[in-house]
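Input: structures, listed below.
The two complexes that follow have chain A in common; it is paired with chain B in the first and with chain C in the second.
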Partner chain A sequence: MAVIYSIDLQWIFGYLPDDIPFVIKVNIMMTIIFFVFAIFFVGFIVLLRLYKIFRNRKKEEQRLLLEDLLNSYLFDEDFDKERELKKFKDEHLNKSLEIKIAIKEILLFHSNIKGESAIQLRELFLRWKLDEFCKKQLADRAWYSKSRALFSLSEMLIKVDLEKIKPLLNHKQDEVRQQAQLYFIKLAEDNPLEFLDHIDKPLTLWEEIFIEDALKNEYHGPMPDYSNWLHSLQNSVVEFAIRMIAKFNQFENISELLPLLDHPSEEVRREAIRSLSALEHQEIIDLLISKFETETNLVKKTILDAIKHLGGYNDLLMLKDKMQDNEWDLKIKYYSIAQDFLPEKKQSIYTQYEKEKALLL
Partner chain B sequence: MGITFDDIANIASWLFLVYGILICLGYLFSAIFSIFEIRDYKRSNNYRDEIALLQASELPPVSILAPAYNEGLNIVENVRSLLTINYPSFEIVIINDGSKDDTMQRLIDEYDLEKQDYLFHYFIKTKTIRGVYKSKNTAFKNLLVIDKENGGKADALNTGINVCSHDIICCIDVDCILEYDAMLKLIKPFLNDRKKVIASGGVIRVANSCVIEDGRILEVRLPEKFVARVQVIEYFRAFLMGRMAWSRVDGLLLISGAFGMFDKQIAIEAGGYNHNTVGEDMELLVRMRRMMREKNIPYKVGFVPDPLCWTEVPQSWEILKRQRNRWTRGTAETLLLHKKMIFNPKYGVLGLLSTPFWLFFEWMAPLIEFSGTVFFIFLLWFGLISWKFFFTFLFVVYAFAVLFSITALFFEEYSFQQYKKPKYIFKLIGTAFLEPIVYHPFVMWAAVRGNWDLIIGKKSWGEMTRTGLSNSSKK
Partner chain C sequence: MKKILVIEDNAMVIKSLQFKLTKDGYNVIIAPDGREAMKLLQDGEYDLILTDLNLPFVTGNELIAYVKENLPTVPIIVLSTSTQESIIMDAFNMGVEDFITKPFSPNELSLRVRRLLS
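On to the complex of A and B.
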């Protein structure tokens, strides 16, 4: 404590009585500081709560106004479009929050309707110049503005110079990259996966799920030939292309898939087996049986799945002696498939497995 | 020159002061990291709904493992709630850990179960499995029930790992209430990272007094009892400030046993849950991370800031004491088992930041706090400090504790604002002012007792009687 006493911090505590020892002054100061901060945060919590209540109320009011307007705009034949839309724009689309709510509401309507009404909504989006607002957001430095803008523009099918979007395919933020990918697909007329040639980071399975969903539901052009990406430098792209070949039944690409059973990547080999199996290409059974012994554990599991799907009990039997003594996960899969092939012998197969277990353990 | 009593008192005073400052700095940094993490998460999730993805066939199937011990009262309802989980492909694996009540019989009767010749292997050594059951009713085809000899929660979970079919496992408490999109959110880190993700966890919330219907939270309410309400603030501090910050620096050491997802193969390779510790959830994650690090395999642990799972917290002081006693022993046992990692640069953030933090500010904190209090009283007793100093210092500590809780409340208000009614937030603020006086000394004492029990070799979990959410507020 002696050291503390020796420090002259009188100037800080000048307003406290001189006869109070220094350490007590420190304690008093710290208590006050902590309490001030605590009270500051309490005030902040109350303000935040009030702000959120006010903001939510404002959002709700704006949303209800928009809902009424959009319903009339889309479904009321007597609705005076020119006058009412202009009036709404002048009165209710001045602040950033109001514009954001309008965009969100139009997108919500747009996701629930199709055909002529969807086109009308797009026209409204343009008439209110919401596209310009989105384009400004796209140029914003904040990543979340960019990704939100990409989302809105792609949902409303508003074309932007692709050269502006391309750099965003490799943006450091996942959300921006993903929205840029989806923008390419939704706006594409004939080559929805062109962007795959421009990405420099592997696709994640999450992104692939979104891409597949967009290809199925948002893209209306001719389906691309997925074999174009079977030799991509990105293994994730190759895996995705293999999967899509099966998903979109591109039987003509089977011959392109076969060499991939020897690909250096374990995941690519697994994906190739899965797709060939999904395409019912029975000719691979013998090939898979011959490869089984030298494959990794994961690929072996995939081969067993393929045999279950394409082969029969006799094919399965060929693998029995090709499993190592300690590959219990494979053995379980093997016996379980055997039970599926021969349901009437379920009990004896189980006994057989138990015997093998007793013998090896 | 000999060391005088005054010198010792001086040195001790300085040590306590330095410790206090370090702990304040630790909390400050964790608050800063957390606020950035919450902000980024909110920004990335506020404009699109990912629920449509629940239709995607590419989502990997998940095995949901739920151990049950003497849960006869609520097991049927809890399993029914689990069966309604919103996810395209999953199996529910209930592990009856040698219950002494009628848990198993109730399951058999209600779900029309029959014993199967089920193929499995003891990848991890566990107690004997008496039987594996599946339902004759196809409506419950996702349900698998394992009946085994009693071996504790860790052993039950290991049994589930041995028997389940899928590569991703989700370990949960059987009476947990999950958010409708909890599984989708929890699996996202596994699918959306370029590194191998070995585990992911989410924010756990307090379900006491909430209105629940068909296994879903209908209305979030603040617990009526003080002891449960104060745990709401504790959970805010732990999840919104603690784990959020650790997640940002990839230093998470704990995924709550109430709801966590793991890569099955990695869990098996690491040896599964350790049944020699009462902190099996923390120990497994630390061991998995240690193994990955030692094998030099790049990996990640995901953390989802959203509230995904609601659980019942102790409503009685006695049960709370047992729980905190156990948590302390669990933390200490884990750190002792992995002492090699502490201050070891080979383990990166885990070695240089996470494990030392847990050692000094989680395990040792109650001990240092307790000894500091005793030391302070001792100094006062012998007239080495004045009453004025004693009380002003207590005020500093009190003010800091209040500030810490209020900051956590602010984080909740900023992020998820689950407690919508304004009266709840005022109640919580009031609770934050009472917590350091009424609650904190109690949990500190429970933790000190936990350390004592650790020294004398106590291994038991202690009975964890739950009021049962179904009995209180389910509609």
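On to the complex of A and C.
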């Protein structure tokens, strides 16, 4: 190795005068190397920038062409659809970038326009076989291509073999999972939440909000029976189903919610209490009082909230001796609810609390 | 030729409205924001105003108030993404003649414009 180094150094330093000290030689060589590297680096950045400018210009040109074409297609009765659309496809829809811009532009029009014009846009999407492009993109390696393809297909209500969509419900990227869920919701005829049976990952709070919003705004069929997911293996799905039962006033599912008060998951039990309370199911008060002592601290707090909502002062009194001496957070909540029940005795309840505190501390 | 002032900040919607209304035989003037619209209203006369509510610089409501005070005979159609009942009610209470929510049907819009201008 030493021989090789000495040969290499000899070759490099051979161009420099012999009387220059070794350190200076190394310094000069390093300066040259870094200078060349800097030139290449700056050149690379300039090239990237030029490429981006060129690409953006191309995009803008394509966008303007499409805008004119779409306006003529939608609003000009004299527009020769057959000829002009074919001509545009042959001349301007050959490269992947051009097709992507066309999809984006059609979707933009579609989001602002409804009625007959929106139907015409969908027809154009199919005529130009943009759906085929999107279907291919579902198998693309880039997550953003999958996500965009799913969005385009669901916006245009284009049916795809669900077996191709199902794996995307468990994709590692949130955006892909979310778009796959939206696809199921938008294209469902009667079971928009079918996808909940196929998910392996817990639903995030954000996903739950997204699903709820999509159900309200994008799905127009009958509301699903959420009790179908009360026995899911995913606790997050069970919690979501419980919440939705209360949200959509599915009183017929109260009997399905009651066994969940004994569910092994603390969060599921809390959710069940909250929903039964929201559904104004008075009958659970006695059940909750009987369970109070053996429950966890968080569930006890939820029970106190339920008593506040459904019960009265006498129900609250039943819990007084069931709190441990060290459960101060519960006691504060208890006395606060007691004050809400009996606002006229606010001061005496506070005094009672102070007395208890003095005794225990 | 009847003159319509379109006040809208979405470039795509502007172009579509301009195309459609011009095809229908109207002279369409565009204002991309509320400030520009105020200038145009002070300088010219219009037969109808088509406005969004969420506009830069001067809001749609301020604009409606100005038109109803200074040009009470000019009909206004609001074209907005808002579907909130209170916002629609407020617009009608301020005196707008019509309210269209986005996404909109261009044919329906065309009919409503024709009805107000006939």
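Please note the rule applied: the second predicted complex is superposed on the first by the 220 of 361 C-alpha atoms of A that agree within 3 Å, B and C clash if a C-alpha of one lies under 4 Å from a C-alpha of the other, contacts with A are read in each partner's own complex, and residues count from 1 in each chain.
FYI, contacts are C-beta pairs under 8 Å (C-beta built on N, C-alpha and C of every residue); 3 or more make two chains touch, one makes a residue touch a chain.
Here the structure is a predicted model, which is why all the values come from computation and not from measurement.
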item	value
Touching partner for A:Phe75 - first (chain B), second (chain C), both, neither	second
Chain B versus chain C as contact partner of A:Glu116, first or second or both or neither	second
Partner contacting more residues of chain A (chain B vs chain C)	B
Touching partner for A:Lys331 - first (chain B), second (chain C), both, neither	first
Which of chain B and chain C A:Glu67 touches, first, second, both or neither	second
Contacts of A:Arg148 with chain B and chain C, given as first, second, both or neither	first
Doubly contacted chain A residues - partners chain C and chain B	none
Chain B partner contacts - residues on chain A that touch it in the complex	1-2, 20-21, 23-24, 27-28, 30-31, 34-35, 37-38, 41-42, 44-46, 48-49, 52, 104, 143-144, 147-148, 151, 173-175, 201-202, 204-210, 212-213, 243, 328-329, 331-332, 335-336, 339, 346-347, 350, 353, 357
Chain A residues touching chain C - in the complex, by the definition given at the top	67, 71-72, 74-76, 108-118
Touch list for chain B against partner chain A, complex	10, 13, 43-44, 46-48, 52-53, 56, 58-59, 117, 119-121, 123, 188, 191-194, 386, 388-389, 392-393, 395-396, 398-400, 402-403, 406-407, 409-410, 413-414, 417, 422, 425, 429
Touching residues (chain side chain C, partner chain A) in the complex	10, 12-13, 15-16, 19-20, 23, 102-108
